[in-house]
Amino acid sequence: MSSEAELRLRERLSKLSRMRLLGGTRLSGELKRLQEQLERVTAEPTGEEIWEKVELARNEDRPYTLDYVERLIEDWIELHGDRGRADDSALVTGVGRFRGRTVALIGNQKGRDVKERTRRNFGMAYPEGYRKAMRVMELAQRHRFPIISLVDIPGAYPGVAAEQHGQGGAIARSQAVMSRLEVPIVACVIGEGGSGGAIATALADQVLMQENAIYTVISPEGCAAILWRDAGEKKKAAAAFRPDAVHCLELGVIDGIVPEPEGGAQLNHDEAARLLGASLEAALEELEGLPGDELKRLRRAKFRAIGSVRTAAR
Amino acid sequence: MSSEAELRLRERLSKLSRMRLLGGTRLSGELKRLQEQLERVTAEPTGEEIWEKVELARNEDRPYTLDYVERLIEDWIELHGDRGRADDSALVTGVGRFRGRTVALIGNQKGRDVKERTRRNFGMAYPEGYRKAMRVMELAQRHRFPIISLVDIPGAYPGVAAEQHGQGGAIARSQAVMSRLEVPIVACVIGEGGSGGAIATALADQVLMQENAIYTVISPEGCAAILWRDAGEKKKAAAAFRPDAVHCLELGVIDGIVPEPEGGAQLNHDEAARLLGASLEAALEELEGLPGDELKRLRRAKFRAIGSVRTAAR
Amino acid sequence: MAKIDVSIEHKHPPEPDDGKPHPNTCPKCGSHYRDDELDAHLRVCLHCGHHFPVRAPARIRQLADPGSFVEEAADLRSDDPLDFFDLRPYVERLAEAEVSTGLGEAMVIGRATIGGRSCQLAVMDFAFMGGSMGRVVGEKFALACEGAADQGVPLVSITASGGARMQEGILSLMQLPKTVCAVEELQDAGSAMLSVMSHPTTAGVLASFASLGDVIVAEPGALMSFTGPRVVQQTTREKLPEDFGLAESNYRFGHLDAIVPRPELKDFVAKFLRLFGHVE
Amino acid sequence: MAKIDVSIEHKHPPEPDDGKPHPNTCPKCGSHYRDDELDAHLRVCLHCGHHFPVRAPARIRQLADPGSFVEEAADLRSDDPLDFFDLRPYVERLAEAEVSTGLGEAMVIGRATIGGRSCQLAVMDFAFMGGSMGRVVGEKFALACEGAADQGVPLVSITASGGARMQEGILSLMQLPKTVCAVEELQDAGSAMLSVMSHPTTAGVLASFASLGDVIVAEPGALMSFTGPRVVQQTTREKLPEDFGLAESNYRFGHLDAIVPRPELKDFVAKFLRLFGHVE
């Protein structure tokens, strides 16, 4: 390894160590696992290792939003409909009690079997879904409920009706609503955080990622098809933009990593939920002390600063 | 005439005289016409006279919203679309300059010929139209533009799609948005103010009616069909609920009457616009001194009090 | 041309008809019930699940914790601002409705606890002139909002209405903005509102407060259309979808959070109160 | 199954092709123009009205009052946070784009007057890497918002973009929330925003600031879809409507306030500034 590369890795490790919040680990006392995680980071991941993450993020046995709702939320009332044209079951919304407080929850929902997958459009919301989410965010604002957003979407839906119904504008406005809220918002990518479909519900005070989740501007396949002119080069694309949680943390795109059970969340839904619950609770507790206008100010300042080029330039 | 009826008429006349604002009359100096108007009021209108108003309100040569826009608004930019599914041309919205200030304007628009009438659905908005109106109201709120709403709708549209797209909820929410705004709102019924379709855009600080406009909970035909079980009894129905401006003013439902040219607005669009413009300007000037939260408080208190039964009861 | 706006209908229950079926005969499956039998099952058909209408006092008994309901504004009565006279005088219709229903108006309001949680109730009764909303209904609803705001508790609204009360003319239309403003004041005070629509919730009530709940649910089969199916059919001459305007259609089109069968309603309301009951 | 999300495309102008038509040949009617001829007509085909692409500097010349434009943040340049390398290194692509366009990035910002009214301009250039939005475009847009807010003038945004710049990976996606927050700050400061979408305005730019104008207009024929037509067709295998994703279709579906032909654009912007130019 060249000394330059080694330097970059050390820098990366120190950044990681400085991170304020590393998922629920700190809080659930699993310091040993944290140490292991950090050690793994010191080795630059190979293309194969990165691709494993992509496959884990897409694993069909991974817990989905409603699996977590079932395990973490009491008195759940699912809220349906955009009050305009439809109820989009690809994006689930509701209110319930999380560790003693009423929260509003928003989450992409994939399906378990073929029929449900079709009904839920593989978790890819239509504009109607984003509109439902905005409605529920505004309800949360009215009643000062914190918001939990679970992100798990391959990408915005490439369909005719989705375009006709204003997908671009809906994604923009959903972000705009989130940037205006004066309640705590915690988002966690629990599988695939794909493109505009993901960011539509991820403009949060704290953005977490599960250990094996991915967060991408475009799917590796899509990127490969455009830049390599061959969708088969997906592994090269993934290796080039590194959609894994550790890299997103290094880049300052996320605020913490939520650990998963050994081998991945798909192997133990209960344990995955326990770990996610601990991280969400810690994040909410940190935010709940802040006044609403301060939350909003900090949230906007944070996204203003991510990947800033102010200093890099000129 | 019985002494009781005479008493009621005198009471009515005195109420009218006390009215703070009687359209633009006061301002355009047409005191003679006011006097005549008051004199006419002293005679209980006959069923035929009331029906004449209904027919004048529906006269197909009456100026419609865009006729007034053309004559009263400079730098008009029509705003289109609900940002969701459609642009409803039955409800026109836009921004422009009215006597030196930027205003947002909302108005039902009927058509002049068969083709335009169909395109504009005879002025009857779909839920998409109310959603466009809400969007423009929120734009006005953002930029502190006063709102002018011109009401001219036979009634909410009785169609399958209108129901499926949530007509009831859209009318409710349009009123809710209006009750939240902190900018001056002046509405004027310029033809037919029919049922929920009218009130959807008439929750205003000052509600005016043109001299020959009508304002109804249901069309006379509809009322007759239900209560008399015969739509042909429309004149009886109209006489029973008296949808004319003078009666609405007596009941406290509106705040002023906007005079029309002799014989009706249909005979002289320019003069009708001049009179309407004077009334709108006077109303806006009266409201513009008030702070936004006070406007909202007074607006809500006003609708809380209309037709109050608090004292009448117990 | 659609100059005729008959968008407010179903204002009155069907006229008495000698050949009409017994009111406890299920219109869907023909099952027949004794009154006490039907009441014991919350007036839901045991065979097919059809939801029979529930009178306001019975609804309150079904939902409120026993002995907790305290009625308010019970003595408000409508007067006749227009001296309205159609085939019969309005005052006569009012008097008759009061006698036949035992209620002063088409809405009953008051305080209660449900599942141990305090709330304000506003319950409509279709038997009183088709649950139509005149000035007293509007006033009672506004008082219910104020009561909820004052106590810092949620409002639970249960509607059954043909719309605005024509006999009060334009003043009945004014109950739409009045009740809308009341809900806004309630929300500004931090209180929540649950809207439960029962059959039918149409026209002016659908187009005002009933559509403004933080959470909106309906009973199965409830008609929820601004304009009734008969008028839509007459105007458009289209064949209407089978579930036109029904709760099931409204749910599909995104206007309802849930359809809650009556046997589950009390638990649902109690859950809502647990979640929304706290005011800062 | 649609695991493949290729929702961001049209990021690059077509590859050089020896058999390709001359860039001044109208793709709609085949008319051919000299550069000066086309420029004199604002790059609109005299025969069929087709709107040719306009480079950012030309667009500013078309709109701003002569001599009024003062560019800002012209020296901002992208670095390569991911050491990104596809078929070629990102830094090489950047350098090439700078040489071929004479611009530092895909957006030019600055102050100007239009029709005598002050405003802030943010103009994109599709020729610079398909108008893709990386960190510098996001930063420049945010600076434009801040400049408009500071001066109390409206922001006029003119977009032409294939979406987020893939070579900056997840950081390019972060430009969506960044620019959205910038617009919100602008609006909180009381300034207005006019969004003008030119061909094409797609993916990440459509799904962020471009859709948040107080008034939103487009040029005739501009493609405005989140996902491009080719990918939609490949995924859904449906025949697409002829005007799929075009401004005309977006107008019909309620997403646009107006379609403004280029010859009318300056007057339209001036009118917008007269109406929205005042900040309290």
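Should a chain be cited, it is by its letter among A, B, C and D, assigned in written order, with residues numbered from 1 in that chain.
Just so we're on the same page, contacts are C-beta pairs under 8 Å (C-beta built on N, C-alpha and C of every residue); 3 or more make two chains touch, one makes a residue touch a chain.
Bear in mind the structure is a predicted one, so any value in this text is a computation, not a measurement.
Student: Taking contacts as defined above, which has more of them, A-D or A-C?
Tutor: A-D
Student: Once you find the CA centre of subunit A and the CA centre of subunit D, what distance in Å lies between them?
Tutor: Between these chains, centre-to-centre, one finds 28 Å.
Student: Where the centres are mean C-alpha positions, what is the separation of subunit A from subunit C, in Å?
Tutor: Averaging C-alpha atoms per chain gives centres 42 Å apart.
Student: How many angstrom lie between the centres of subunit A and subunit B, each centre taken as the mean Cα position?
Tutor: So the centre of subunit A lies 49 Å away from the centre of subunit B.
Student: Measuring from the mean C-alpha position of subunit C to the mean C-alpha position of subunit D, what distance in angstrom results?
Tutor: That pair's centroid distance is 52 Å.
Student: By residue number and range, which residues of subunit A touch two or more other chains?
Tutor: 83-85, 165-166, 169, 173
Student: Where in subunit D do residues touch two or more other chains at once?
Tutor: Touching at least two other chains: 253-255.
Student: Taking the touch definition from the header, please name the shape of the chain graph: line, ring, star, complete or other.
Tutor: other
Student: For this entry, which pairs of chains touch?
Tutor: So, checking each combination of chains, I get A-B, A-C, A-D, B-C, B-D as the touching pairs.
Student: Mind pulling up the subunit A residues that touch subunit C in the complex?
Tutor: Against subunit C, the touching part of subunit A is residues 75, 77-87, 95-97, 102, 128, 132, 139, 142-144.
Student: Please output the residues of subunit B touching subunit A within their complex, sorted ascending.
Tutor: Spelled out, the residues of subunit B in touch with subunit A are 83-85, 127, 131, 165-166, 169, 173.
Student: Please give the residue numbers of subunit A that touch subunit D in the complex, ascending.
Tutor: The touching residues are 58, 117, 122, 124, 154-160, 162-169, 171-173, 175-176, 179-180, 194-200, 202-203, 215-219, 221-223, 225-229, 231, 236-237, 240-243, 247-248, 251, 253, 299-300, 303-304, 306-310, 312-314.
Student: Could you pull out which subunit C residues touch subunit B in their complex?
Tutor: 1-9, 11-12, 75-79, 81-82, 84-87, 135-136, 138-139, 142, 164, 166-178, 180-185, 202-204, 206-212, 224-227, 231-232, 235-236, 238, 240-241, 244-245, 249-250, 253-255
Student: Would you pull the subunit C residues touching subunit A in the complex into a rising list?
Tutor: My answer: residues 187, 190, 192, 214-215, 251-258, 268, 271-272, 274-276, 278, 280.
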